[in-house]
Amino acid sequence: MPLDRKHLIGKEAMLLLLHNENQLPEELRKLGWKFCKGKVGSMDGQKVVAAVETAAKNQGIVKTGLYRETHALYHAIIEAVSGVTRGSNQIGTLLRTVGLQFSIVRGNPYQNKEEGEWIAVALYGTIGAPVKGLEHEAIGLGINHI
Amino acid sequence: MPLDRKHLIGKEAMLLLLHNENQLPEELRKLGWKFCKGKVGSMDGQKVVAAVETAAKNQGIVKTGLYRETHALYHAIIEAVSGVTRGSNQIGTLLRTVGLQFSIVRGNPYQNKEEGEWIAVALYGTIGAPVKGLEHEAIGLGINHI
Amino acid sequence: MPLDRKHLIGKEAMLLLLHNENQLPEELRKLGWKFCKGKVGSMDGQKVVAAVETAAKNQGIVKTGLYRETHALYHAIIEAVSGVTRGSNQIGTLLRTVGLQFSIVRGNPYQNKEEGEWIAVALYGTIGAPVKGLEHEAIGLGINHI
Amino acid sequence: MPLDRKHLIGKEAMLLLLHNENQLPEELRKLGWKFCKGKVGSMDGQKVVAAVETAAKNQGIVKTGLYRETHALYHAIIEAVSGVTRGSNQIGTLLRTVGLQFSIVRGNPYQNKEEGEWIAVALYGTIGAPVKGLEHEAIGLGINHI
Amino acid sequence: MPLDRKHLIGKEAMLLLLHNENQLPEELRKLGWKFCKGKVGSMDGQKVVAAVETAAKNQGIVKTGLYRETHALYHAIIEAVSGVTRGSNQIGTLLRTVGLQFSIVRGNPYQNKEEGEWIAVALYGTIGAPVKGLEHEAIGLGINHI
Amino acid sequence: MPLDRKHLIGKEAMLLLLHNENQLPEELRKLGWKFCKGKVGSMDGQKVVAAVETAAKNQGIVKTGLYRETHALYHAIIEAVSGVTRGSNQIGTLLRTVGLQFSIVRGNPYQNKEEGEWIAVALYGTIGAPVKGLEHEAIGLGINHI
């Protein structure tokens, strides 16, 4: 069974950033979907990964002691970083800096309950030279089963 | 001078897709910003590129005879495809299929008029196995000066 | 809690190929671990992916109707293909051909039961010019939570 | 002429790691095949490369003063790292750490003596978050003429 | 309209390096083409990017305050680095060092005046182990509209 | 011992293309260096690889029956293609076409005779949309021990 067009986890994650929203639509909250948001600016790829991981753990989106969940989150983060860096996953090593907002959403986007929970990591912000204003927007989205 | 926070070309391109909008905000229209939208479903990467290029030319977003503009558009498309494929730029060769909406927006997102025109290509839809329902969402954004 | 040194799912998957074994160690069978094996030779990346997916579904390693499981398997396959192709994920498009055995193993390699099931896809064989003998060995391993 | 099925250099290199062996099969020793093994744990890609290179030079697998041999080894290492990182060749820059055993084997795996010597670099171990236990197995194999 | 066979910007940029020339052909100077040259040796990718960017700005090849031009230059540099590193864009993180000359040329290589200005970044030198002599040549060329 | 500044194999290979030369400098001919040249235009990556391989074999640059030499050549070709495609190694799958000249040079570029023979593959031409004139120059160089 396909995606539920009212439960599009990637779209919701991205809209939290693009609309500067601080809550999910009521229907998704009723279904028990969770999310968190944060910001990170860095030339250092590992700081971007760490910021998203830390937020997800501190806000209870993933269980801290369970590698299974950390693994799902990690690959979703890297997929999102890949969109922002357009494939290279490199930031400071190529003299770029990023200023990003991120959101993490957890829920089941499918009509079939057995599909269980999925996680979406969205990134939106700017990438550019390490000089204020020499930058353009960038977006990334990673989705994984969790 | 930095990006104008009310003229975020990447955000506008993405919102045209996520909101299923068919026009840009009035302020941007007054400034002469142009856009077009379309859809493409394929296992074939070159068809995705061609669909976006063809729409951009047919809708007058880029000048057909000018390589300069085609070049700017092409790299923006490839950057967007990179987000959707999370770096590999491969679709059917890895047994995936995509069902994508795309938008192309042209305008100046910077406060400084001398920054001239830029182009954003946004992709939003699904990627997955070539079987209905075995898919998740994917997003890509490419931005270039034009 | 760490990996259980007697339940190393990647090692087991690789040894099934390197030893030409047709069963898992007794301890793992008692724990309910599942596996299957197969072969595929092709210049076509999508045929490699399809051969592994089809075997996994036909042998009951993953549930056919559940995208969650197909998704876990797919990413494990692509990670394994990445080892064989050393990053490019391209075969025939770069005039190479592969002759591969594959194994798929499903079980929990961690001491902690809550880590649940994981899947390993191992590939071992040759890659080279599409001429008999002009080839060397190649290996790939992909691991995912499922 | 094809690979000699009893002289599979990649398989031998991998089995040295998976079986925790400290010698090659007698037949290969009689043929003058050489090997060495070692371990490296790091978040730093260059330390992984350096550990394998240093071992190969110190153990006499490659000639120190000859770039030809260093070059052959280097590309074999990078191909193996590519399997472990599944294409990105990045470790700490993406907040991952590796704990790897490596083996290096040198010999002629082909039936034809004129194929001369080849080198295989095998990597086996874990990759994951820089936290004990948050990791899964990874494998890489690089093969080159030398 | 096609490239003008006497105004091949990439070829000119490369010949400035390979011939150790310090001026462009007279015809191109008359057309107002600009260029600069420099050298950089490093294990650090960002230093390579910075050296080229700094030279281009200091020599007036691109306008300092205009992101549009910095953006065009940046992507041309990264494309050139991609040739030198053969796709990975990584240097020291994989224990390599580079010793490079670079040239930057700005002009219109097309017959059609409306194609406007383009920029070529050429890199030529060596890449190898961080030990004198353990290196081979490498070349990269990036071209962008500006 | 370092590269011999008068025996730069990569530079010689590139100059054969940029100068449209049909012979190597006399000094290199006396040393027994070999080369060949050719052309290939295609959207199909495997045709580019095949054209270079076929020329090298037909012109006696590499021994046909020896995988060792084919392997050295293959990796040099792929490295050169990587420069032309700036990392992706994809042509038609991303709706690009190439028109390339290639040269292959074989000789020892080092001061030390023991470094033996090396091979350089140079590519120079255009890459762009499959429409005449919508293209820019591209360069690639691959170097390997043989």
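Going by the order they are written in, the chains are A, B, C, D, E and F; count residues from 1 in each one.
In this text, a contact is a pair of C-beta atoms (placed from the backbone, for glycine too) under 8 Å apart; a residue touches a chain by one contact, two chains touch by 3 or more.
Every value quoted in this text rests on a predicted model; they were computed, and no experiment measured them.
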For chain E, the least number of touch steps when starting out from chain A: 1
Counterpart interface for A-D, drawn from A-C, A-B or A-E and sharing over half of its contact pairs: A-E
Same vs different contact residues, chain D with chain E, by half of numbers used: different
Centre-of-Cα separation between chain F and chain D, whole angstrom: 28
Centre-of-Cα separation between chain F and chain C, whole angstrom: 35
Whole-Å gap between the CA centroids of chain C and chain D: 20
Distance from the mean Cα position of chain D to that of chain B, given in whole angstrom: 43
Sequence positions of chain F contacting 2 or more other chains: 67, 71, 87-90, 93, 110, 118, 133, 135-136
List of chain F residues in touch with chain C within their complex: 44-46, 49-50, 53, 67, 70-71, 74, 78, 81, 89-90, 93
Chain E - residues contacting chain D, complex: 88, 90, 92-95, 128-129, 133-136
Residue ranges of chain C touching chain A (in the complex, touch as defined): 66-68, 71-72, 75, 110, 112, 114-116, 118, 144-145
Chain B - residues contacting chain A, complex: 1-3, 8-11, 14-15, 18, 79, 82-83, 86-89, 109-110, 118, 120, 122, 124, 126, 132-133, 135-143
